[in-house]
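Next up: the structures, one after another.
Both complexes shown next keep chain A, but they swap its partner, so chain B is in the first and chain C is in the second.
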Partner chain A sequence: MRSPVRLERRLTQPRWLNSAIPVFSLMGALVVGAVVLLATGKNPLDVYWRILDRGFLSQRAVTGTLRTATPLAFTGMCAAAAFRLGVINIGGEGQLYIGAVGAALVGLWIGGSAPVGITIIVMVLAGMLFGAMYASIVGVLRSQFNTNEIITSLMMNYVAGIVLNYLIFNSRSYWRDPRSVGFPSGKPLEKRTFWPTYEVFSTSVSFGFLLAIAAAIVLWVVYKRSRLGFEIGIIADSPRAARYVGIRTKWTIVAVTAMSGALAGLGGTSQVGDFAHYLDAKGLQLNNFGYTGIVVAALARLNPLGAILVAVLMGGLTNAGYSLQGPDFPSGLVGTLQGLILFTAVAGEILTKYRLRSNRNAVKAVAV
Partner chain B sequence: MSKRLSKKWLPLAVTVALGVGLVACGDDDSSSSDDTTATADTTATADTTATADTTAAPVDSAAPAPSADWAANFTPWEGSKPVACGPEEGQPLKAAWVYVGPINDGGWTQTHDEGRQAVQTHFGDKVETTYKENVPEGEQVGQVIEDLIADGNTVIFGTSFGFQDAFVAAAEKHPDVCFEFATGFKSAPNLSQYYGAAEDTDYLAGMAAGAATKVGKIGYLASFGIPEVVRGINAFTLGARAVNPDATVKIAWVNSWFDPPVERKQAEALVTAGVDVLGMKGVDSPATGDAAKAAGIPWAGYNRDNSANYGDVWLTGTQYHWDVYEIPRLQQVLDGTWTAGNYHGTIADGFVDMSTYGDLVSEETRTKIEAKKAELAANTGGQFTGPIIDNSGKEQLAAGKQHTYGELMAMQYLVEGVDGEIPAG
Partner chain C sequence: MNSNLLVVIAASAIFYGTPLFFAALGGVFTERSGVLNLGVEGMMLIGGVTAAWSSLHVGGSAWFTVLVALCIAMLAGSILASLHAFLCVTLRANQTVAGLSITIFAGAVGLSSYFANIWKAAQDPVTRQVRKLDVLGLADAPILGPLLFNHTILTYLSWVMCAVASWYLFRTKIGLQVRAVGESPQTADAMGISVVKYRYIHTMLGGALAGLGGAFYSLAIVPTWVDGMTKGAGWIAIALVIFGFWRPGLTLLGAYLFGALQSLGTVLKARSFDIPGDVLDALPFVMTIVVLVLVSTRFAHKRIGAPAALGVPYEREER
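Right, the complex of A and B next:
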């Protein structure tokens, strides 16, 4: 039996589609979600209002949403930066851990003596450097030996997790609090080196989130204005053509992978500086920031500024999800709603490139 | 890689990410049951670990006198005053529980939620309870607490060790909300700690295992080499050797609170090494029970009664009853007499108990265990009475002496009969 509809590639992509499709996707998700909610005896309007209120509207909610969004913004940009070049770095998770290790090292080392401003700057640089170095292993393997980077970067996430566990649980390392006789935990940073938060319209915004916005702007400029951005575009389109015109493809792959790792490393740095204030081996691993970042990148269509917006959306949805659940709202139902919204958002994407055509009235396609 | 290729790979990458994410979510589930338990020991070391903004728990206070009254096991923090976190006239008291795992994890979180349900049943419409499950340790906790307070909850229970810093921070920010934290060590004028003497029931489970082994070798899965778990290993081993003096307990470290595949593998490795009974401490999943079932050998569980699903291999194990503490504490909130402090439950007040005995535990062994249970109910920690020699041959406790509460909470040696050593750190 033939399907009643078929997909047909759009010859042109009207501009309005770019904003209309996400809106329609979201509405579709809400309608399907409403059916699920009605079937389980809930009032969809109440539920949707609560998602809006607890995720995005009240001042307290926005503060929380931005906090949850911060690591996702970094890991989203990490994935997007590599994907743009066609390097599928799914090692953001591990690069984030290693960035946190680097940031905590510096924070603990000079935090007691150096001026606060210097400490923060050096923490940021160390987090980026550690993340970049860890990611560049993947980049070098890919560019020199043509190793599949999906596998190497994924495997290195597990290695990074083991490193974290070793540093905190299975050794008396520099990162571990020697006073934690009971449950091993990370050595806390000096209180004065905690990263600042800023009050913007009575919403508190962490230094890390501002750093994410700054990073997104820098990336956007790199893509639009710099030679590297231009070369990334060419390599992504055709590596062979890029080589013919003399672009150092191998070097660019390593550089971009390192940059991608630096972004994830910044995410780990912000976890140490903004929130945990020590190397939190368990907390870092339980939240899946790196893997969620891949979804963020896909939804943002690999655009760094888009990654910030999507991270905020994901942050709000996450927080609203916890707000919804309770004895009469099982967490499975929350997951279903969140899944529906994300699924339709990704699925709707296809309609920007293709259009739905009814098969009944279709003129027989001419063979090409 | 061409752009076309990258588009082909992108969905795969997203799928892998979602997959790994889901698996990892599974982990979170119970990741913590024990992490929480793991840390009760820190009560002892609170003086060293407590940070400037928190007061240390009363470290050297002797173990509370045994009593069927929970209040005898509760010590208010020095100088703590009643906190008025009760409801307004005519309104129900709103209390919330924050769980790290799902409410049906078959272990830690499930026992906590059973406690919550018992609270709800006890108070009826005077109290309105809610919970948040699958809350990962880390940044998220603080926001979940804020959200619960925004919903009008004035008593909040935390049940995973990794939540502790968020609870301390929230307690400071909301002095009019009462916080109850299971198995931590930090204190605040409106933050209590509650946990209990699981090593007493671990000893009794060890007796059942000692009686069950024919070759005299028991395999034991343990999470981390921290005092709470070490105490459990030692108690279990002493119990096993009390009924079977030649029995040895071989340890396999899982290095995780919840990792069913690794737990299963480690348990199978123990079976291959020749043990004919399995036990566990600080690990959550019933994976050890699955390995026991596959090998057809007896299993002493932990956390919760699993006799129904593992009937053919089930011996017995430690079981928690959180409501023993929670119900009277909420009554105090209603009466306006709630003060923050430290609670260490015992067999005597019913906080820890043995779960159902399996058919594999003989009548004779049951009688022995019940007799010892009465003894430990009257003298918690009494199984740690000298002479106790560690597994390197060194005497750790002279004849006739009993470990103090503080020594128990900081235990870092393994007794004679344990085949294994505490990992570095």
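Right, the complex of A and C next:
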């Protein structure tokens, strides 16, 4: 049996594919999602319209969407940064928690006394440092012992979640509010340390979101203009070639994994500084920001600037999920759609390497 | 005698290790054919939710209902696995990200949770469970009773499957061909073996076993549906395939080791040992990392048992 189409290797990659593939992936996911919705007795058009409305169109929708997009932009860049090197760091989830732990520690410690600007800068640095340190365990194990980073980074997500639970629920740690008796919660930060928000066209934009955009620009410059970016490209294409030309592959793996963790740590920092203003052990674990970041990275095709755009898209979807959740719009639906988007994005990647050719012409050619 | 701590831990290690073994054995089949499946966690959860639903809604005798529930769980797991095979084998996608997409799609906040919500699978505890048996009336025998004669039917099935899997992979012609596909698909193709067919079948077999493992959670361990109830077991199972050097027997031992770690918290808490619960909770995850590091250092150059073509898409045109 011959299939009607066959795959033929592309010799060049046209530039238009860079934007065409994500768009088609998204459309494909919506079509498959519609099938799932129909099969479970929901009207897909109605569901999609309500997501669009609550995510982007209705009053103050974009404010909520950007709020959700902020951590997703960071975790998306975290995944993208590591994936670019071929290091599959799926520990963004745990690195985000640990970044939040670091930021909350500093915020609680110096927030009352130090000038506000200094506090924010030190919080940012601490969040990055904590995320980077936590991720570098994965990087060191991978580069020194060749340990599978997928499993180690994932296991460390669970460990980080347990650390959060321990700090807030099961101990009398520095992070826990001693006044919270019945239901333990994190110690609140001083009001003056809250990160600023800016009103743009009656939409609140958090400082963290601007930070994400700045980080994306820095990353883009690193990839395009710096030596590190150049070396990352070579290692990803051919580790052997990289070794032959004297690139310190092991060092680069550790450095990039740490950088990737720092980005996720910034996501956790922004959760503390922008929104929660305490170490929110439950809230951080509720949202799966780290895992959704993988979807963001894949759909953005590992481009940091693209990650911002896709994060807003995924943020809208997640945000709509929050506000619509109920018997009519069960939880799990948003995750299902996001999984489908990742699925079609992975499938769509085939078009960068191959083109589809009809087999009918091939048969004719042989006949002639 | 039966309350001897070691016996209790060993018996519950077998209980908690059983779903790990099913999922890991599925991984052995899948990876032996050269496909890396990181979707195990998602497949386990889909198996768990479909089994819970079936157990609540399928009529008939208890045995029949449980049997149907297990079959549906395996079917659901293998359908999901066929999607993975479609991505990895037909579309030659990156197997790592493909597997991740399956786990995110079906995972704790994805399709399994959606199904649980629309089917209301989590509302009632599962009444028709996979229960522990009293084999030959020896369940109360000293020491050997809890170790050998007081398990669920699925545990006994897993022992049979372990033996059958070893025989299949290492003693039959088809098993040899499966390994050939995983070691060198070019050679296998030249021998006239259909790489695509073998990879599809063994990926789906792996998915079915992952689904069965998930069903063990919702029908035996908890036994009711809770969103994300496998709590990373699917990922530990993937690591177990590596610890077991891609061999069913060693994988069974590894599964029981990690079953012991998972059950330690429950067992020790029940006996009011003063060990922080969080430390015990973290133990399986930390130990996975430790063992993985040990295995990867010592055998870094040999990688004993790893199929050579694992994770590499096969492209016939590129020979």
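Note that the second predicted complex is superposed on the first by the 289 of 368 C-alpha atoms of A that agree within 3 Å, B and C clash if a C-alpha of one lies under 4 Å from a C-alpha of the other, contacts with A are read in each partner's own complex, and residues count from 1 in each chain.
We take it that contacts are C-beta pairs under 8 Å (C-beta built on N, C-alpha and C of every residue); 3 or more make two chains touch, one makes a residue touch a chain.
Keep in mind that what you see is a predicted model, and the values were worked out from it rather than measured.
Once chain A of one complex is fitted onto chain A of the other, the partner contacts of A:112 are absent, as it touches neither chain B nor chain C. Shared-chain residue A:239: touches chain B; no touch with chain C.
When the two complexes are overlaid on their common chain A, residue A:64 makes contact with chain B while staying clear of chain C. In the superposition on chain A, contact is made by A:294 with both chain B and chain C. In the superposition on chain A, no contact is made by A:196 with either chain B or chain C.
Of the two partner chains placed by the overlay, only chain B lies in contact with A:183; chain C stays clear of it.
Of the two partner chains, both chain B and chain C are touched by A:170. Taken together, the two complexes place residues 83, 88, 90, 150, 154, 165, 170, 288, 291-292, 294-295, 298, 331, 346 of chain A in contact with chain B and also with chain C. In the complex of the two chains, the chain A residues touching chain B come out as 54, 58, 60, 64, 67-68, 71, 79, 83, 85-88, 90, 150, 154, 157, 165, 169-172, 176-177, 179-184, 188, 236-239, 271, 275-276, 280, 282-288, 291-292, 294-295, 298, 318-319, 322-323, 325-327, 331, 346. For chain A in complex with chain C, the touching residues are 7, 9, 36, 40-41, 83, 88, 90, 141, 145-148, 150-152, 154-156, 158-159, 162-163, 165-166, 170, 288, 291-292, 294-295, 298, 330-336, 338-340, 342-343, 345-347, 349-350, 353-354.
Within the complex formed with chain A, the chain B residues making contact are 1-3, 5-6, 9-10, 12-14, 16-18, 20-21, 24-25, 27-28, 31, 35, 38-42, 44-45, 48-49, 51, 102, 129-140, 143-144, 146-147, 150-151, 161-162, 165, 185, 224, 226-228, 255, 409-410, 423-425.
Those residues of chain C lying in contact with chain A across their complex are 38, 83, 87, 91-94, 96-98, 100-102, 104-118, 227, 231-232, 235, 238-239, 242, 276-278, 281-282, 285-286, 288-289, 292-293, 296-297, 300, 317-318.
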